[in-house]
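In the two assemblies presented below, chain A is common to both, partnered first by chain B and then by chain C.
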Partner chain A sequence: MWLRLRNQNKKQAYPCDKVAQEGIYGTIERDLHANIEKIRNITGNSADIVIRRFWLGKEDNLSSALCFVSGMVDENMVQQLFIEASVQLSFPSMCCDQLEYIEKKIATANTTRRVKQWNDVFSLLMSGESILFIHGMQEAISIAVKGGEYRAITEPSTQLSIRGPREGFTESLTTNVAMVRRRIQHPHVWVEAITVGEVTHTNVRIMYMKGIADDNIVEEVRSRLQRICMDGVLESGYIEQFIEDETFTTFPTIYHTERPDSVAANLLEGRVAIFVEGTPFVLIAPAVFIQFFQAVEDYYARFDIATALRFLRILVFFISLVAPSLYIAATTFHQEMIPTSLVIAIAAQRESVPFPAFVEAVIMEVTFEILREAGVRLPRTVGQAVSIVGALVIGQAAVEAGFVSSVMVIVVSITAIASFATPSFAIAVSARLIRFLLMVLAALFGFYGILIGLIWMTIHLCSLRSFGVPYMTPLAPLIPTNLRDTFVRFPLWALTDRPHGIAEETNIVRQGDEQRPKPNQEMRREGDEN
Partner chain B sequence: MKIKRYPFLIFMLFICMLLFGCWSKKELRDLALIIAVGIDKKDGKYISTFQVVNPGNVAGATQRGGGSTGLPVALYTSTGDTLVEASRKASKQISRIPYYAHTNLVVVGEELAKEGIQQIFDVVERNPQFRPTANIVIARKQTAKQLLSVLTPVDKIPANQMIKTLELTEMMWGENVGTRLREVIESFSLAGKEVIMSSFHVDGNRKHSDDQENVRTMEPTARLRASELAIFKRGKLVGWIGKEDARGVLWILDKIKQTVVTVDWKEEKEALSYKVVRAKTKVTAQLRNGKPIIFVTVATEGDIGETFVAIDFTDPKQIVALEKVMQQEIKAEIEKAVHVAQKKKSDIFGFGEVVHRTYPKEWKKMKKMWNDKYFPKLDVQVKVESFIRRTGLRTRSYIQ
Partner chain C sequence: MERARISARQLFMLAILFEHGSAMVIPLGVDAKQDVWLAILCGMVFGVGLLFVYYRLFTYYPNLPFTSYSQRIVGPFFGKVLALIYVLYFLYISARVLRDFGELLLTFAYPETPLFILNAVMMLTVMYAVYKGIEVIARASQLFFFSLYWILMLGFVLIIIAGEIDVRRLQPILEEGWPRIFHVVFTQTLYVPFGELVVFTMIFPYLRKEEKVWKAGFLALLLSGINLAMIMGMNVAALGADIVSRSTFPLLNTIQEIRVANFLERLDVLFMIALIVGGFFKVGVFFYAGVIGVADLFALKQYQRLVYPLGISVLFLSLAIASNFAEHIKEGLRIVTIYMHVPLQMIIPIFLLLIAMVKHQKKERKGR
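Right, the complex of A and B next:
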């Protein structure tokens, strides 16, 4: 049975080249009725496919039909089309090409296209364009009157900042692209369109700065996107998983953001942005490790503050990684490392706890993960109840019941807060996973185990690549000039180079010399005289 | 079907990890945290006394019913031919693994100290748990066990009380000095330096010292008190030095941080207190006619703490005169200390080491006879420079 299933699986290949040039539905016929029938047939007479039949032109001599998907087009525009087409238009009978005439007369507002193949008709129809069929013509006109409702631009919910723009991406691809273009008003912001998903035909845009982005990386992104052959892309996460360099890692090798200013900054550093229709999350590649600790606000705040916060974030990442395992290792293997008075205090609390430190830590960590997961998924009104229960369960009751020690509660809390303080959710999640591994190692080998785990993690990090760029750039390989924007953030005027290895090497300098603010020379001379 | 090799290998490695088990894992619940060890000797056998912390009863350690019901420490005694044997034998009474990493205090009974303590430190160095930074004190006129069986009121753990008392008095008064195990062990291998240790004894009525009653009264009937310094020679207790003489020792050792020197002023005895806030001692050696001479230079800085007589502190001459008096006082203390040590023929000041460093070649000749021949007749030149930095908030006292 199993073998048969496997064989069946093997036989069935996914038709990646299903939409061939010739098309599987053939070409449009002259007969309007036949065409309408065909649409009805293929779309299963779907309720939201609107086929509006009318007479075209003042002379009412052209029987035609406008076909669109309701909700995806701008209804007002369609109405105008009807009015223009049926009322104002008059056909000079001797005109050679009526289609061209219509195209140029009707399409005063939007782009039009002539289509012949049914394949094109359907893909345009489904993408929200309106198709005009005219009796006796073997071609149809596709008119771009895309519209419909989208969520308005709101503040991004995942990447908040105190200082900085408040707008975040929406689900509309065109809006998103425009939001970035508004920030970089330069002709070298190039946008390439590509469709991914054999069924969903999701629109994807690749955006990069020509001349700043490395052409090889752009080509790599393009080819990886074109390679994708699957049913559907519903979120940029689908694409991320198909184009990332390494699947078997907990670390994200592609950055994603909800903030247009973040995308703009990354474009200026020579990275490539991938916009996907229907999601506010834009992918940015290549991504390096340190990028996940850089918040947009780092560049809006002054450098000393930004540097302090960077340090804090890296510390916080480390805490969220090792705090519980340090607790386990210190209390089960290295009691001598804890100060005497503290070890007495911990021992007093552990007196009544029936579990070994490792089990205690796992219980608490898992409880916390459950609470967090519950908090994320629950409707907002129930969320409060969860947080109360959570605070009572993992805070008070567990300790009072002698289930866990209160030190453990502190450890779990600090871990939790630390993982929330990590600016990128993607890296916080990977820390969460590694944390459990480190806890096991700590329970087995103590500090030695933690060290082994961390060394393994470092080696793994160094082995990763993102679109050919080593993940630990600029730490390994060491690029001294780019170290200015890693653990510390130098003043902006000192960040002279775009990231080496990512941006185009021949155009690496991003600002003039001597940008350091100083008093005007002439003014200073005057001041001396006084 | 072929198994993919790489994941399989990792899986095998993971399984291997479990084979090690939790090697040398010790849960906190299974440890007896020994905070202090007392060592006595009776009939050729060592008697070890372990002060074990009872974490649940240490006040402040836990909020749940903490401290009020039971005693913060428990005492176990065990006998053996060697200390390791005694430690292992203690398992007959203690339900947990003796854990020495937090042992901060070692108490040696006076009897054992007189007999010689050189043997007992091998185990300290050999055992990875034991810290060489632990303090060591002598139980004056008592056994170590008697000293360890006193409950203390403020610092609930008696060992902590002793360590902290020692630290505080060393810093504020300067008649006692905390000695670490490491220093003792080092001194065994140095010919030119003998070790001194502070001693503690139990004041008052010792009868109910280990009873909770002892800490229920405002003034505990049995109290721990730091007393004289023990002078050792070749690992044996040879004598005691106390009061101002003990401070003289600390002056030379450059261990004085703060202290109070009380001096006479004209006819008035003990009229004026000088608070030393900073002191620095330099010891140098010189050879004259083949005989070593030691120069001790002490520089002190301090304030006037209290006066019983009317002195005009605005007058620089008075201040200079005062400084002179203080210098003499401190000098007398130091010279007395040297005298006592010379009588005991034990170079507790490390003068020999100073000679060793300055004249390494000549030292080789003196080395063997240092304590018995050279040190007792050593010429020690003391020079003190006192400086009054401030006179406090008042320049003219209301005492006229």
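Right, the complex of A and C next:
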């Protein structure tokens, strides 16, 4: 049925073929007026498209026009360009090709380019370049004066750290790429440009370390990106949904981050980063399950603390997954497994509650989800009111009204805090969804249901892949060397290999032997004497 | 056969989980009284012999599952008949294990729930796993291997801390001499769980490095033999041979004995995890072998199409094979062992191996 539905939608074909689209507007004409008319026509005389006509050169004999989109160009540079073109430029009597002379003489912009096709003219114009038309020429010059306002670099708002760099990505693609480039100053950081979106023409950059990243994975990323054919890409989430391996899963198979240091670390491990214009979130592929429990800070803190935190995070993930369902199972099916005094306490509280444990849990969990959703979308000023109402509703009034038991409140709060403590929001969300499934199973079959649910989840996790890499690597398939950076994090000097199965196998060692720090013996002797 | 590859390590862990499966929780070889651990170890030693037979067969045809090479060895017609018998055997045993599992759950935790529901939930999970293929099952086995081992170690440590172990309960050793032990070995412990490795003749060809099959299989057999002997020995040491031989789930009774610091008690959930995880892999491997066998025998390209019809058949078979638990157990001990395990795990493979050896010697002579 799914196929049939999809086929019905396919009746009208989408023009994906880029070659066929080329040249639908034709080429530039000699007549300047005709060219200007054409731009006005095709852009619908849009208000933000500026067409400024002027006399080119000191001799004032070339009628020309500069065309750009206001707001997308650097105003200062455009100003300078005018001065240069109309006042300073002069043609020597013996000149070869005027167009080439102009192109080479303009010093204001970084790059200039000659264009002939209207298609190119429009795509460059819309991307923020200025186009210079000269009367009598069949070509125009495109001058890169991109600019305009972007949000400044600020601290990332979703991935905070106590220790570590404070800068996060912005909406500007070039800034983002440069931020990573600044961290890895090596010529083997390769950046490939690609445009996605037939209407939006969004710039996308694939960044990887040549020689460290597996070429097959890079090729896979490239081909999946090139396959995308759709109107618009407004955020990296669009791209993620078009290139991920499996749609019908709650687990994220592509990692996203807004921290340049995180991207740099992943590039050094042989992964591929995908930057998208207009969003601070950079995609990283391939991603494995355990990666969502690693925070960049783990590598900045000392290994024992990092290890303890890793354990805590995995525990937290499990709590956020099973806590309410364990409560349901224990109170409905397996009272004998709870210590006697506790079971009496719970039973005494639950006596006044009119609902079975499952309904009680669902009510509370749904209430909490509503509060959270409200808190996310509300303007900051109103947010506080929600948290007060939430605390009162969940915390006190519900218990006092005999609606839910106070044990349930504790369970829900622990679950909620646990789901916030998971370092990656993407994996916390999938735990949120699975939690409800497990609650239903627990209500039906008790612990048996929870276990069956977890087995389902494990099989599902084992069946996932991210760009060909099994999702549960290095746990299943087991790669012992990689285990040094999973549940525990070994000291940095012991993490000798890049992750096997992700990085290029022929270039896997990332540091020298004997990196373990040892104090100099002589220094120690001096210390003892004091 | 599907296009898949598993590693030797995955085979090892899958075999361990498979061996532990239901053997861990049922009263295995308890007719040997306090010498039950000895009976299991002896079963393991003879089990190594059986494994060697399966391994030799595999070395002659390293790329084929049992259902294919049986046709090479005894000709297409008899080979197909044999393959059919084996496929039915695998499916039947998976239904039996499923029934075992459902009955265990029923008696110990869910007296009010219909058996059909418990079995159906389990079978759906197994079907999902088999649908995803051997690679996924093998990967999942790696994850569950560690969780199961942690649980076993935890239980073991807790029992020792709780002071339930009394080694004197294991004495006297060899009270009635070796004959009784060998009787138990050749009527019970050799076939379940060790001889059941015959199902791995369907899985060996998936191994990436065929030379590692023996090592992985042998180590798995050795480790699971020692583990099972330890578990049953522990049961006897904690409860006494008398209680163990009359109990339906000795391991559960042992775990229920644990009481540490007035807090860690009633750890039935540990037993339940072991039971469900083990049961899942045992049913899963048998069912997978059955499905792949049918697909191989009837030359189906996509074995996935068989998963749902065969899965539902196994589910109903698991309910239909016996009208109650006592009958089910009696069938298992009397009929299945003599008419199924002995010929299919021992006699036919040895017979096939002899024919294959003769054939290959002839070929070698011709080659010269």
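Rule of thumb we're sticking to: the second predicted complex is superposed on the first by the 499 of 530 C-alpha atoms of A that agree within 3 Å, B and C clash if a C-alpha of one lies under 4 Å from a C-alpha of the other, contacts with A are read in each partner's own complex, and residues count from 1 in each chain.
Note that in this section a residue touches a chain if its C-beta (ideal position, glycine included) is under 8 Å from a C-beta of that chain, and two chains touch if they have at least 3 such contacts.
Only a predicted model underlies this, so the values are computations on that prediction, with no experimental measurement involved.
Q: Looking at A:Phe445 after the superposition, I want to know if it touches chain B, chain C, both of them or none. Which is it: first, second, both, neither?
A: It touches chain B and chain C both.
Q: So in the superposed three-chain picture, is A:Met472 touching just chain B, just chain C, both, or none of them (first/second/both/neither)?
A: Once the two structures are laid over each other on A, A:Met472 reaches chain C alone.
Q: Give one of first, second, both or neither to describe whether A:Ala385 is in contact with chain B, with chain C, with both, or with none.
A: It touches nothing on chain B or chain C.
Q: Touching A:Ala401 in the superposition: chain B (first), chain C (second), both, neither?
A: Neither chain B nor chain C is touched by A:Ala401.
Q: So, does A:Glu351 touch the first partner chain B, the second partner chain C, both, or neither?
A: Once the two structures are laid over each other on A, A:Glu351 reaches chain B alone.
Q: A:Glu336 contacts which: chain B (first), chain C (second), both, neither?
A: Touch status of A:Glu336: both partners.
Q: Could you say whether A:Ala193 touches chain B, chain C, both of them, or neither, answering first, second, both or neither?
A: Neither partner.
Q: Check chain A for residues that touch chain B in one structure and chain C in the other, and list them.
A: Chain A residues touching both partners: 333, 336, 445-446.
Q: Quick check on the complex: what are the chain A residues that touch chain B?
A: Interface residues on chain A, with respect to chain B: 331-333, 335-336, 340, 343-353, 356-357, 400, 441, 443-446.
Q: Which of the residues in chain C end up touching chain A in this complex?
A: 7, 9-10, 105, 109-110, 113, 118, 121-122, 125, 128-129, 132-133, 136-144, 262-263, 265-266, 268-269, 272-273, 276-277, 280
Q: Which positions of chain B touch chain A when the two form their complex?
A: 17-18, 20-29, 31, 33, 35, 53, 55-56, 58, 60-62, 64, 66, 99, 101-102, 104, 129, 131, 157, 160
Q: Please name which positions on chain A make contact with chain C in the complex.
A: Touching chain C from chain A are residues 333-334, 336-337, 339, 445-449, 451-452, 455-456, 458-459, 462-463, 470, 472, 475-478.
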